[in-house]
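Multiple structures follow.
Note that chain A is present in both complexes that follow, paired respectively with chain B and with chain C.
== the complex of A and B ==
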């Protein structure tokens, strides 16, 4: 802290003895400010350049008819948004994304919770079971999507072979409009349930033993009674959190669509990020793509804020 | 639930627990197991559907050789290592001093800066891709390593996480270091970062796993095969060379997934902490 000796302007400096002390204090403050900003400066500049200017730019571009590479552009107001919402492809993409999220979120949360409860209900092999169920979450999804493809292959796929040998109907999972989205959702659940599980495991660990003892005294002898009166209510805050993060991850699904279906057949598996990518970077419809990005951003931010509010108000330990 | 029955589970429910978890675990592992199985089978056996894991004729050498030679897979892996390492090093270099300022110093604009970090934390990176692409085009870094690295050099999550940890380090430590004549920057690197090492490691894992696995931005930022990180490279391999030649394709997938899985299995606790970091606190 040996910075800045001569600057600090002192408009209100009095001529009493304490002025010197105050002056030193003020000088120290200024030095601390300069130090702080020089430490945080690079981060600040980069945050502005790489996050804030781009986000403003997305909104600005969304209001123009610009196509990447074109030398001129015109202000079109909300024209792109009208076009986006009038576009059948986009509407399909939005609906698909919502359906996908509506399958993945409850599927991931319920399976994650059940597996966490099973793991915590005994002492042996905890780390082993946790590792197995967590594996898909950190495995490269692009590569794993490629590995899912032969599993789902209509003739040589393991899934259809198994179904056929059990005498059950088979399907062309990734090429059938009726099955493609649920199949992608199953892959989404497969990938994320370990994440939910780990969060629930942490939540379970934080439940005080006293509560179980109290429940015992109150006559909650059965496993199910304890689950209902203690475990599940106490998992409230964690569950809300898991809900948010899984929903956000589901909204941001891209890799499986890109690798396995390219949004097809038709628009049956097209989801928002894939639409965003294709319009912005393949068709180079920059203004339109920016409008899609704005819609996507609004959904993600709204979800986060709504859930944060619910988290604040409704769910707490009592 | 941990000790919901004081004397432990009865043996029949313990068996049920293991049975249930082994079944779900096996289902979870099927894609991995089948990927490895196909990667050691010859084309004939792959297309003659069968349930057996082990091939009649071991074809692993051929498949893995093909994966490593027909596509520049080793190059993809090196690109991945270089890009992930550059990103995580730059992130720590840039985020740690900012986090220290936010945690331990008092200055006008501090709340604004922290609010900016929180807002940036809220923004999905994909939304920024279009302007970042244009920015990259303007400064001429598209289709270079820089295009893969620069957008990520500052991590709002990193600043946030480090700030939380730095806050738990007592001020006395910092005062003592100042009396010893350490500059603020040396306090960051010689005191704060070593003391917050668990947070740094957790963040490092979070960052490396995220960027090793990421497809969206690399797909936009680079075209040359020689620059592709593994996910993009393996997608190109699928689209261009392998197609339905599942053997080499599965071999390539196995090679891409393997480093993280080995790292995960050898440092499970760190990975779980890193990838769910902050979430639980």
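== the complex of A and C ==
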């Protein structure tokens, strides 16, 4: 790694004082280098110790059979990875995570956008609506998950009571293999909605009124035409950001699984981070857990790169 | 016929009045400029014409039709915005095609994929493409059709904005300070191009600007606005030479008109700045007046006397063909500015005493309330012209 330092152009030194001039110049350069390293140093140390070293450690542990607390370990090469991909539980966890993300991301983005548009088009109580939609994002999900549990209780839960009173079929939402993942996804949408909404609101505020005026004059004055001509394209950059952040948050879902379902019934609601946690910290299979972490990391990095690449080309930036 | 009648328009934003009882008629094919300092309500008036803003009171008619409450797209007006308001995600081609697509294609035909398979879409789209290409060529932007606004220079964007307005052949062009984002050189060039465009299309243009030179060079008539009021509507030369109001006289002209406070006494004489001027105003003796003297109304004379101002030269500015001489005259608040032809003026030095004469007919008299005082037989050209237009 090299640090760029700016140096003044060398003065045209005459032959008599060239030696002294060079010395002064060298001293100046040294001082600049020291300043540069001392300024960049703290951040660099933090980055290395808190980010690069742990990542490197995870990669290294993934190649061993180390168990947490064990005094010895052996190098097993890609053995952990082979085991990970052969493991039915992990495969179910991966598929669950993908399904979960595939529901949460479009759900959050479309609902967040609709709510942002509704709030923006209304005149009264804007701050109130903003606040109540943003609340779930601010609150600790563990606490919120506890609140969801009685709601979804099979006999005394409000959801089933309401459905029953309307004559609709009820379900044991969190204990049924068919419903548990969609229910977790709904909770995920509920939680991320406010975040997407706030970002969309900020995006909507930054669209120049002139564009809407031009659209009016050009004849694109119905809500659908305005949305297609101005609003959605101008929200492109914000949408990309929301897409990436919500997708990453969905991939990292852990609290709801831990508090509400423990991955069950069976493996029906097990997701990557929960698998990782269970293998590493409950079963203490740290090597195996590290391999899961590496897979998880690869998915997240790949996703970010693909999203940035694909969306960057199609999204307009001013 | 596409005359525009603006009848007693008023507009308030909350408790703040922005337009007060503005009435104006604009002839078919006329180039009318709304001129005024920022915040005078000229853009609001234009937006009311476009239908983007609803007036608080009064009525607007375009052609024979009262358009109050009519949506902008049904008014047959096109607008060029100060920011150009081009859709940044669309190519120039799509930007210019949008007003045509919105009018010529049904909502079904405009649907993203399915629209292509609706009957008639292909033929109409091809026709739109032809119209866009023709307009783009006429404006010299044919080679830019595939680009996006972000890849264009200010001047090119401006042309695209004009193109988008032009492509659907509207009855009225509304322009809201379209040149103010351009550099000085380009502004002069585009000024001429817009004027040419007006000549070529022959439709009504309403142009909003705060730039006096744009108003004076391009317009058939200029409407000077101040604080939400229309002060005078007249051809540029008349606005300059025969202003109705002190504020109009002060707003138009660079350097600014010289204003001398005076009092009328016997014999049709007014005393100001230590000298007396022969004035022909039909007002009572002792009335306070303001004498307006354009800088170029001064001529050099050898000695002081009636209608002659005497003072010490404070500053001389050489402008090539002209000299701007700033003169400290006792009894005046500000130095007077005289514009003298460089070739006729002798060497003028700072500190030198100079005598400047004014012919009585070049004095502009204003009453204390700012209204112009005209000699008895002077007919008000503006009023006559307004009446002609209204008939």
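The criterion applied here is as follows: the second predicted complex is superposed on the first by the 272 of 318 C-alpha atoms of A that agree within 3 Å, B and C clash if a C-alpha of one lies under 4 Å from a C-alpha of the other, contacts with A are read in each partner's own complex, and residues count from 1 in each chain.
Keep in mind that, in the parts below, a contact is a pair of C-beta atoms (placed from the backbone, for glycine too) under 8 Å apart; a residue touches a chain by one contact, two chains touch by 3 or more.
Everything quoted here is computed from the prediction, not taken from an experiment.
Novice: Sticking to the clash and touch definitions up top, decide whether chain B and chain C on chain A clash or fit.
Specialist: fit
Novice: Can A:231 be said to touch chain B (first), chain C (second), both, or neither?
Specialist: first
Novice: Under the stated touch criterion, which partner chain does A:181 make contact with: chain B (first), chain C (second), both, or neither?
Specialist: neither
Novice: Between chain B and chain C, point out the one touching more chain A residues.
Specialist: More residues of chain A are touched by B.
Novice: Between chain B (first) and chain C (second), which, if any, makes contact with A:137: first, second, both or neither?
Specialist: first
Novice: Determine, under the contact definition given at the top, whether A:246 touches first (chain B), second (chain C), both, or neither.
Specialist: neither
Novice: After the fit on chain A, how big is the angle at chain A between chain B and chain C, using C-alpha centres and going to the nearest 10 degrees?
Specialist: Roughly 90 degrees separate the directions to chain B and chain C.
Novice: Which partner does A:210 reach: the first (chain B), the second (chain C), both, or neither?
Specialist: Second partner only.
Novice: For the overlay built on chain A, what is the smallest gap between any CA atom of chain B and any CA atom of chain C, in Å?
Specialist: 6
Novice: Under the stated contact criterion, what part of chain A meets chain C in this complex?
Specialist: Checking each residue of chain A against chain C gives 208, 210-211, 213-214, 216-222, 224-225, 229-230, 233-234, 236, 316, 318.
Novice: So in the complex, the part of chain A that touches chain B is made up of which residues?
Specialist: 1, 29, 32-33, 35-37, 39-40, 42-44, 46-55, 57-58, 61, 68, 111, 115, 117-125, 127, 129-144, 146-148, 150-151, 155-158, 161-162, 190, 193-195, 198-199, 202-205, 207, 209, 212, 223, 226-227, 231, 241, 245, 248, 252, 254-255, 258-259, 273, 276-277, 280-281, 286, 289-290, 293-294, 296-297, 300-301, 304
Novice: Can you name the residues of chain C that touch chain A in the complex?
Specialist: Listed in rising order, the residues are 47, 50-52, 71-73, 77-79, 81-83, 85-90, 98-99, 102-103, 107, 110, 148, 150, 164.
Novice: Using the touch definition up top, name the residues of chain B that touch chain A in the complex.
Specialist: These residues of chain B touch chain A: 1-5, 8-9, 13-14, 17-18, 20-21, 24-25, 28-32, 34-35, 38, 46-49, 51, 94-95, 97-98, 100-102, 105-110, 113, 116-117, 119-120, 122-124, 126-135, 150-151, 153-154, 156, 159, 178, 184-185, 188, 209, 212-213, 215-216, 219-220, 230-232, 234-235, 238, 246, 249-250, 252-254, 256-257, 260-261, 264-265, 268, 271-272, 275-276, 279-280.
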